[in-house]
Structure formats: structure tokens, C-alpha cells
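This is the structure I want to talk about, given as C-alpha cells.
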Amino acid sequence: MIQYYFDWSVITRNAGALGEALLLGLGLAVVSLLIGSVIGLAAAYARLSGRKWLAWPVWAYVEFIRCMPLLLLIFFVYFGLPEFNISWFDKTESFVLTLSLYAGAYMSEVFRAGLGSIPKQYVEAAKAIGLRPWQRQRYVVLPVMFRITLPAISNNLISLFKDTSLAAAIAVPELTFVARRINADTFRVMEVWLSVSAMYLVTAYTIATLLRLVERRYASIR
Amino acid sequence: MSDQALLRATGVRKSFGSIEVLKGIDLTVRQGQVVSLIGASGSGKTTFLRCVNLLEEHDSGEILLDGDPIGYRVEGGKRRRLSEARVSAQRARIGMVFQQFNLFPHLTAEENVMLGLTKVLGRTRAEARDIAGQWLARVGLEARREHYPYQLSGGQQQRVAIARAVAMEPRLLLFDEVTSALDPELVAEVLGVMQQLAESGMTMLVVSHEMLFVRDVSHHVVFMDGGRVAQAGTPDQVFHHPESERLRSFLGRFHGMFGNAL
Amino acid sequence: MLDFSMTPGAFGFEAWQSRWSILSGVGVTMASSGLTIVFATILGILFGVALTYGWWWLRLVIRLYVDVMRGIPVLVLILFTYYGLALFGINVPAFWAGVIALSGFATAHIAETLRGAVQSVPQGQMEAGKAIGLRFAQRLRYVILPQAVRRMLPPWVNTCLEIVKGTTLLSVIGVVELLLASQQIMARNYLIVDFYLLATVLYLVINFTIAQIGGVLERRFSYLRY
């Protein structure tokens, strides 16, 4: 085994680029989670609507996404859509589109479980004070569901953040892409990948901790 | 008390699948009256109450509130279901208190009371907060306005639930076994609030197993058995002159508990 | 798109021409998935048991391992393993670097799943096992694990699906599995949509099969209820 001498200057020299790349990944994950939540909520309601023609396509969408490798989806959207003369997007937008569709399927399962777990007595109490159907959803069901599903939402955000590493495959300059570039330029393998792993790790656990604080603020749901 | 019938039910029937739970209920509640429904579990009391507030739809017969049919309108001899908006508006005129309290877990005591006031009755938040404060004070929970349901005892939660229902100024207030889920030592505080409400002239339809309360507070008592009204009358008539063996044996169960108080 | 005729430039013809590349891609995908599933399941069970019943220092080490593995993207693990092993003069082919990295990741997930499943078995079962004189390993083997299997199965099947999907990442370090094989074919004939669709269908077939097997196993163990 060869002797390895650490030279951390490669990291300090590139600290700015790495930091920016990390923030880009985080931003991509947050935007995809937001869009994915909108898709997921609509899908969950469609699935629970009891109407076959609404529920069936949603089921197919969710199962399709769950069985599909994300990397294949990313390539398919990025290289495939221009074949249909759809090319108004750049690689970052293409990635956000893909990750949002991906997140939508997972979020719809989260929301479906959340909506299903709300005791029906809350809805009855809301009916009893005369709230209309959409008011019952808006003021009672959704707030309760949001609090119940917060841990699952937090897990999904962390997964999505880790998934942004795949954007490197279509040269979106996020953390993994920048790390590979520095690795290729300097071949300081250990320094680069240890730092990058630590950055992902710390960010993931920071997200988890922050959202756990939010959860605690909402501890009123038991 | 006037003779005006606030709620009039005639021939109300309701089945779940092949089981007929209500087999033609006739019942009248007048303005300012307290009417209690008693009977063994499974006799249909709760189902009837839920039909009045449209949490269940009755199959036939009619339930009139202030002369208007509940849940549908009659058009050319046929029943047409009302829109959800109209149904919601009807429900807002009838308050309901549940066995399991059903407070909204994500809202404080005050916000629980305010929700219907702002979203259904269109009050401003300031007005709603005032009203909520008054009613929470009436039920003795002024100091708990900011508490979430999980921070309150069962009896306190139930009193908030009552405040939530009364604050809407309903024409009629329904109580569905509101003390059954409470620890025995918490029952009195809830019954106390209900008694105050009754004395203030609120029209109430009460399903309860608290026989002393029923006897002392009700104007009219209805004994239900097997989905029918078996006997109805003043508390004195029902408790002291039971006409059927069923009612006698039903009341007999409570004699043991209260000595000869009934 | 999807012209099935057998003339050069049509999908049918090109697919037939490249049938061996595609099959070999499917083979590499299945081999890397299969090996990873086997390694990760064995290691995951060992780690999971250690995580539940181990000495405190062992639990601490494995907890650290599990949490680190779950906080780092698989792609980073794969790249790190690939470049890292080479750096230390351990010359393994990209395929094995990939399988090692994927196994490391999946082991963490299975260990955590096992811990949850084992803890869901009522406490009394362990005590009943003690009462009839079973040793620790026997209690695990004959009492606890058979009951944990049912709780284990759905998340284990999910992890298997994740592994199959994860093998696409091996394409990044040059392993010619199904995704890279398809891309190499596209590079020759420019039938981009067609061959991505073909790859999609093949992945769906593989993963649907796994999900079905999972469903059958779940029914097989459905007599376990508690």
C-alpha cells in the first residue's frame, strides 16, 4: 500500500466553488420538492377521489416513477424532449422538471397516507360548525395532514438533495460535478471526496435537525 | 318557552346496509326546550342525532328545522339533495358536541372557537376573538385560551367543544353522549356547563346516560328502543311511570347506582 | 419513432442489430443487482442484529456507519470507491468497485430495516425463548428472525428496487450496464427516444418482476400477525 500525504489546500482553494455548488444542489432540491408537492397533492386527491378514470392514471404514474431509475429519466427528458422539438429549457431546468416529476410520485404517496390517517371525527366536527367542503380541507384536513406528514416530507427533502448529485451526469454544476472536476484536475482523491461526503452529510443532517425543530413547534398533534 | 316547534321529525327511517337502525322516529323539540334521548346502546339515539346534523342522511321521513326540510328540498314531489354549500349553511344553524370532543388538534382553544366564526359566519378576527373569549370565560376556561387540545384535560376539552358549538349561536344544540369518554371526576364540570346553558334558554337535544342530569334538566324525555320511540313524556312520566317492561328494566340498571334517587 | 420495419435506420432493424449489446447490458444490470442484493442482505442482517443486541461500542460504530451511509449520495459513494481503491493500488474493475459501493449503501438500509423489524417483535417472545432454554443465537434463529421477516419484507423489496435503479449509476464509472449499453447504441444510430423507451420497458419489466416476487413472498409469510 502506498503512503498518502494529505494536502488540504486543494479544498481551501476551491472552497468558494464547492460552497456555491452545494447551494445550487440544495436549491434544486427545494424547488423540486415544492413543485413535486403540488403534483403530489393533486395526485393524492385524484387517487382518493373514488373516480376510476382519475385514480388509475395516477396509480400508473406513481408505479412507473417508482420502478424507473432516476438517471434514465434525467437522460430521457434532457435528450429525448428535443427530439420532439421541445427545447426551450436548459439543462438545469430540464433537471428540475425531471426531479419534480420524480418527487411528485413519492409525495403523492406521502400525502395519500397522510390524508388517509386523519381521524374522520375532525372532518365531522368541521362539518358540524358548518364549514364547506373546501373550507374543511383548507382549515382542518390540510393543516393536520401537513403536521402528520412533516417527518416524511423531511425524509423526502433529504433524498431529493442527495438525488441532485445525479445532475452531474448532464453537467449541471452542482457539488458532485464540481468535485469530479477538481478530482480530475488535481487528483487529490481523498481530500476531494472526503470533503464532499462531509458536505452532503452535514447538509442532510442539518435539514433533518431543522425540520425536527419545526416538528416540535407543531407538537400539538398527538 | 313558546309552542313554536323548532325541530320536527316525522317517520324518520335509516338503514345501514340491511340493518334498519331507525324505524320511523317522530319527535318534536320546541324553542327553549331541553329534550333528552335515553335508551340502551344500539337503540338508534346517536344515529338520529347524526341525521339531524346531516352527518348521516336519513332514508325517508322528514326532519324540519324552523319548517325547512334538512338536507334536501322537495321539487315536484321528489326529494332533491341540497348543494354542499346549502347543507353547510344548515349545519351552521345546528351546533353539535361529540363524545370524543373532536377539537381541532392544530388550533388553540381560542382558535377552535374562532374558526367557525370567521370562516362560516364571516366575523372579523377581532370580533371572533372577543366572542371566543366570552364563551371560554362562560365555561370557565378563560385562562386556557392559548392552550392546545393536548394540553387540556378531557373535561376541559369538552368544555371548549361546547364553547365552540355555542359561539356559533345555533338555533339548536345537539349533545352526543358528551360525558361518556370522560373520567368520572370530570363529568360534573361538563354537566354543570350544560345545565347553565339549559337555564339560559338554549334549545338542546341531548343523548345521555347521566340519568340524574336527564331527570333534573330535561323538559321532555324520549325513551328509544330498537329504532323506535317507545315512550315519551315529562321526566316524571318516564322515570316514575314507565309503561313498558323494557323501560322498567332499563331504568332498573340505574336504580342500583343511585339508590332510589330516580 | 418506433418503426418496427427491418430496414436500416428503422428501430426494428437497429434493435435486432444491437440485440447482443442490449442483452449483455441487461446481464450486467442483473448481475450487479443480484450480487449487491446478496451481499447487502447478508451483511445487513449481521449489522442489524449487532445494531439491536450488540455491545454498546459495537452499536455505536454501526450506528455511525449506517447514518453516514444514509447521508451521502450513492453516486458519491461509487465515485469515491472507484477513485479511492485505485489510489491505494487496489486494482479492481469498475464493476466490482460499483458493487462494493452499492452494497455498502444497501447494507446500511437493510440493517436499519432489520433493527426496526426485530424491535417490533413483542418483548415476550424473547423471554419465552429464554424460558424454554434456547441460547441467544437459537432465539434469534428460531424465534425472533422468522417473525421479523414479515415486517422486513416490504422495505427489503423496496431496497432491492433501489439497488436495481442504483446500478444505472455504474454507467458513470464506465460499467456497460443496460443504460450505458443503450446510450452506446444511440450514439451509433441516433434513435434516442426509441432506445430510451426500450431501456425504460426493460427496467420496468425487471422491477415489476421483483415487486411481484416480493408480493408472493409477502403472502407466503402473511400467517405471521401480531
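We just call them A, B and C in the order they show up, numbering each chain from 1.
Criterion: a residue touches a chain if its C-beta (ideal position, glycine included) is under 8 Å from a C-beta of that chain, and two chains touch if they have at least 3 such contacts.
Chain identities (UniProt): A, C = Amino acid ABC transporter permease; B = Amino acid ABC transporter ATP-binding protein.
Everything numeric here is computed off the predicted structure, so don't read it as measured data.
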item: Top chain pair, ranked by number of contacting C-beta pairs; value: A-C
item: Per-chain CA centroid nearest to the all-protein CA mean; value: A
item: Greatest separation from chain A - chain, by CA centre; value: B
item: Centroid spacing, where centroids are CA-atom means, of chain A and chain B in whole angstrom; value: 47
item: Interchain centroid distance [CA atoms averaged], chain B/chain C, Å; value: 57
item: Whole-Å gap separating chain A and chain C, where each centre is the average of the chain's CA atoms; value: 21
item: Multi-partner residues of chain C (each touching 2 or more other chains); value: none
item: Contacting residues of chain A [partner chain B, same complex]; value: 121-122, 124-133, 135, 139-140, 143-144, 147, 218-222
item: Residues on chain A engaged by chain C in the complex (per definition of touch); value: 1-2, 4, 64, 66-72, 75-76, 79-80, 83-84, 158, 162-163, 165-166, 168-169, 176, 179-180, 183, 189-190, 193, 196-197, 200-201, 204-205
item: Residues on chain C engaged by chain A in the complex (per definition of touch); value: 67-68, 70-77, 79-80, 83-84, 87-89, 161, 164-169, 171-172, 179, 183, 192-193, 196, 199-200, 203-204, 207-208, 211
item: Chain B - residues contacting chain A, complex; value: 53-55, 84-85, 88-96, 98, 100, 102-106, 115-116, 119-120, 148-151, 161, 164-165, 168
